[in-house]
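Think of it as A, B, C, D, E, F, G and H in the order they're written, each chain with its own count starting at 1.
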């Protein structure tokens, strides 16, 4: 709570213009729903601009349903990521309005139309195999009200494919580049644009690729400036940051 | 070159309205100065929004002077990072207007006043030892015309220090969080703001810190959404991206 | 054997007050049951304060039953950790009093009521997915006669959830903090309490999380003092140490 | 602040029994001294039981002196760790009462006699080369009012040396085991005592020792229960935790 | 496009000897087929000497069929690597002329006879378990019109086997050495020949073999000169480079 | 071939006392059976003292049968390690005299009684879960004509179990110590004996055990002298070396 | 020795047409000079096409002089790599014709003019700081009689610099690409040429660059085919292989 | 103490044939000299066959002198390894009979002639730069009364050098192979001999050699049986084990 607001509130209490109860409530306003196995954060939208997102891996279908129920009143477009088709099937029985995005392995519950931004986020992949990560980003970005442009399979082994699409990338307000292997696409795109670029390394590769570590390290050491990086396969995280930037 | 522009240009050539020489030049417009040991990129500002930056490590003072000379005509506020005081002394003899920032280990040559943004970048550190990286970010951000706010030594071991400063952080348009050790500050700040956060791991630590790898990994795995990461100690890179965002 | 005791014993033998047989036995008193495939340590309780615990992974059900049989006479609350439901089913046929704790993947055989401590151990998790590790700790701590308090899902992405529960944590005699991802919760709690804190990194995360190594490294580099660490997912080990401290 | 206390305080304000100013102060009571380059945490003793400690590495002598000055009023036995003799010499000019512990590379300023505990902490090393880490622990433990017992160079290559000293180790309330190489001493001692054991890996070794990583990993995987671990060479951290336990 | 060619082309346009349309086409001649999920590179043969190869892992059978269809007109011997028998069965329904190489896990579609080189590539393995990687190399090399010689299971544990076959190795124009374990065969062969040697580490091994990293590191540190290395298990890549050399 | 022997042989040829054919044969005497997929080394026993051993992993049952057939004439007690029960079943149809050792996952074909050594090899494990590796060592050692003594489950967490068995260990001519977790048993035994000790790290552990790397590193850094190390889980290799020593 | 040749030789001995002495010599023809501390390989040129090269690091100046003396009779252009200026000064006193290449840190002794190839090797660097590695390659290639073309500082952050030089790269018979940071240049060049490409990662970078490991991993995972890799900073090795290819 | 001996001793005490004092002493017979900073193990020779060795690194000259003084009465040929020339100079003042071995960086104090074995240890290196490690092994082996044979610089890049010396290697009772780079020499020698082989990886190499880790991993994965491994650069340890074997 900001210091000015604190002083005002206390003055209201001192002057009898505010009850003790409502002051306690105000000082506690970051609230949550306590389900025992989870404490669902109900003030995240106010604090962070976006509601809590459900990370599906490692949670049971029942736990996910419980969390959705706690959020449903206050939140539309409840996003659940890393969700297997099997868990989704179980959830859908309780939440019939839920929609599943197969490639992205995400679901959206309590779906609502949100206004889209004028500006857009370009989502660029090096290869066909990177598309599931890209779709996780796409579903996230659209859930948060962003226009997006997909530019898939323009890796540097055939760099003319990138140049053929460079205009749509350059016109974006923020660019997400998704690549496995050596991740060189992030550096090449980074050298050609004047907008923030968020790089997502993927697990696509084998052997010395070390399940994505190589692409991650390469992107962190990009010779192009203006490149920031998220965890391996973290399409959600890239889209979340990109959405923040796109809404500025 | 965009396809429409290409067709127009060729029609002008075909119609005799443009000479072959100027068309060759137009099709080659990404130009550079070739010094043999370096090919100084003179079109980066047009392409990326910012001119080339000189990374001082691994270059001799003479090489740096050569690059500065090639840039001087077209560029103000030529930034040279990772520059030792010894190399700066040698450079200053040839470039007497150069200014050195000791903590940041950066120099600016051909210095000029650039207009500052209304909005600002918050530069936050966990500890006192992280300040050199923060100052590299600060010098970079100011060279690119950003207002900044410094919030130093607010690590989570004494989290009330962070809460006392949270308002100045929340009001920023973009936040840079710089931390060594376990890098927890990035997650805590990330959970409290609704703006993009760029995390910079530092080499501050010992033993199992692995020269910064621990802080890097921790930040990449932040439980807070909206956190993107740059290389260890890369204050420059964080400020470069933050400046792009702040100027949107 | 302590030197004073050794001298006394020998003097008793010399004086004929003790038989050679009983002296041999006394000098050998650290004893065990030799099953061939296992040498069950029957003096661990005397030596370490707690009886041997059966680590279920890598042992067959038949081997576990054999070990239980060797311990049953001398030990109550025989704890078997890392036990799959399948192995438990096989064991239960031979040991019908055995109780299985599903989330914790532990069994207790020869169960007995043990007096509980006044003071308690707080078991705190960052997320819902960390609960199985927490339950391993909880079952262990209760088997050893400790009162416990569960505080689950209070990770730093929504730090107000932690502050809402901080009193119950602060009143504990010793605190176990269990977290995956970047493990920041250990540092934040460590900065807020004046009791020993045992941190348990978990395997919850993906990509650059390296199956828990990131959380482990982060906790070892905590900027908060008073934090010690156990192996990834080692809820048992944390509870064992915490119980030793809680019983002081 | 606890919820009961919050309500009481607000009722006092409402009832006019407390001024707004003093309520603001109370709600802000976690305070610190803001030096710009550092925010010295002045409420850590209240919060954590011990005052802030100055980690000397990466700070200039002038910065350290500034921090000492901010703490001096409220704190005795100000501990500064990881301090080179050169920096200490510069500090001593401003802080003439400072005492330097050469092997431990620590200084204590504003030194005062504190009452010692009845129970003691045993500090055990595997080799002679581990003594500097042990002395960092010893100086820390004594500064915080603990009796200690030193048992140095009892590594398992000559395990009878350990057995000759096992009684003094067993009688301690908490044991710190410091070892480089393969760190086996932690497991062997852990198997022989019924008290909490904090293991400190050291950088002593070469080649596949990986600057201490081997000892660290070995200790984290100890087959003895009741072993918790701190960072490589972190004698201070081990003593801090041990002191918390010893004062219970 | 080369500068001379660019100038000539523009002069033709200026002189009316070339239409604007054909000039646009010429300047765009690096072309590709855009399938949405893939941008099939149709100019790779002109640019790199070989057509695009389909990396089967991470692509669905439908995606692979789509890519084959886009390539079929222009390309013979379409190579698809890392293809499971299951996916092949699905593909073969649509592409009945496809041939599957079981050990190599490769398919060739649109098969045609290509002339073979006079000179040959020797493909040498250390063990029997390395043969699948060798066969991936063999299928690739033959698809690209190379004669090959197989020399399998001549690892250094029985070095006389290698010496019995050294003549056929020495007469090759380029040699591929494939080995797991410690990869010593690459160094031994490298010390005995005067031709380029491409080393392929394999995943064959266990424990400290780290899934092939050990063989990879060993080959990169070969004491024999003239050894270059490709990724673990990358038989295709080794054959591709060897084919380039063999066709010189 | 030794230089003296070479000169004699050539003199015999020159003097007509030896045919050219037999000289070619003599100079080629390191021979092998070439099966295409394998070159079975038939001179290993002459050269190394023991015949070739079949490493079963990565070979098909048909390949193994082929290799056995090539060896059968010249070799008794053909050892095949890392053999699954499924592969053994297929092999046994062709080789009905084959015997399978379940825990060891080894088979012996063409079994024969070989004379046993007077002296013996002690095979010592830290835990019950290490027994499969120990049995691989035991089967190997017995196949090569060594007496052995098994000492299982004497890890340092209950070190009195080791002391109760130390005499049988000390009387061995060479000792194999097999341990997972932190591998401390190797150092403790190494400090108590005056015979060569071969340490075998195992994959038994979890989390920061890194699939055996921790035990491997610990054993390589043993503070006890006289310890050499083999690969993780390499019971065969340890027994092979121990047999060489035991037969000296 | 080839089998036909062996039989012929023995028939000559049998027929008295060849003396035993000369046959011994022929069978031993791989010879060397034994200096005790070194066994200088005098048959490497015959065997490998190039004479032995002296790796200067870890050898004393006196050892290097001894090796040069043993080679001087038979070899021109004796190459010594990784040689400090200090060692060179000591060597030059004994070998006054030696020439030192400062950037390359190489010396050539017994220098002679060798005929140059028609075709050339292109040596391409990403940055100015990679030039020392490139010069090691250049000195090596020229010592072995290759024409070379230097293309320095054309990294992908300003990719138009590369396109401006692509013709000279494409016309080479073999291309060496040298890059630190993320090493993306290797992939981009690899996608644009139809000749073998040898990639050299360099240590240029910091933090997560891990002293060159990042660039190495990235190059091993190149999405462009036809890329093989050598050790970090191994300009010599790349040039040695390139020379073999260029001389085919 | 063996169980039979224990019973006898107690019977003697019971029968008055042994005093309590001498029984205490006998039960304590593993004795040491307690210097505070060190507990010098005086029973190691009885227990392990060799006296304690002083590892010089991390100990001060004064500490080393103290340890020597404690050992001098009972031990000849006191070996001190990893000793810098500077420390030796300081030690020699107090111990004038000390002899320093420069290449080996070892000293021997209280030197005495010990009888040499008939059989010998072969010490083989791959390169000239490995000699310092070989000399540490040589000095150690000779101090323990072993005949040795040095075979230096026979690495596999010129494998005929090895074959020229293979007879002297084959006649040894045990072989030490010392190599950096890819360490292939261990496998090649291992495939040619029928005696135990101890492999010592060295730090000789650069880049992806990782300070010796590559050679270590390669040796642990040797395809030749009968190879055991010690820590990087551990010439002492290899010689210690080899001496045990050679004395059998």
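Of note:
The definition used in the following text is that contacts are C-beta pairs under 8 Å (C-beta built on N, C-alpha and C of every residue); 3 or more make two chains touch, one makes a residue touch a chain.
Since the model is a prediction, treat every value here as computed from it, not as a measurement.
C-beta contact counts were set side by side for D-F and G-H; D-F has more. On a Cα centroid basis, the chain most remote from subunit G in this structure is C.
Centre to centre, using the average C-alpha position, subunit C and subunit H are separated by 40 Å. One finds 25 Å separating the Cα centroids of subunit A and subunit B.
Contact of a single residue of subunit G with at least two other chains is seen at positions 3, 127, 157-158, 191-192, 207-209, 213, 216, 220-221, 224-225, 231. Interchain contacts (touch definition given at top) occur between A-B, A-C, A-D, A-E, A-G, B-C, B-D, B-E, B-G, C-D, C-F, C-H, D-F, D-H, E-F, E-G, E-H, F-G, F-H, G-H.
By the touch rule above, subunit D contacts subunit F in their complex via residues 126-127, 155-159, 181-184, 187-188, 190-192, 205, 207-210, 213-215, 217-225.
Those residues of subunit B that touch subunit E in the complex are listed here as 3, 6-7, 10-11, 13-14, 16, 20, 23-24, 27. Interface of subunit A with subunit E (complex): residues 127-129, 131, 152-154, 157-158, 160-161, 164, 204, 206-209. Residue ranges on subunit F touching subunit E, taken from their complex, read 28, 30-32, 36-39, 41, 43-44, 52, 55, 57-59, 63, 201, 203, 211-213, 216, 231-234. Residue ranges of subunit F in contact with subunit H, taken from their complex: 2-3, 47-50, 53, 167, 173, 191-196, 198, 216, 220-221, 225-231, 236-238, 240-241, 244-245, 248.
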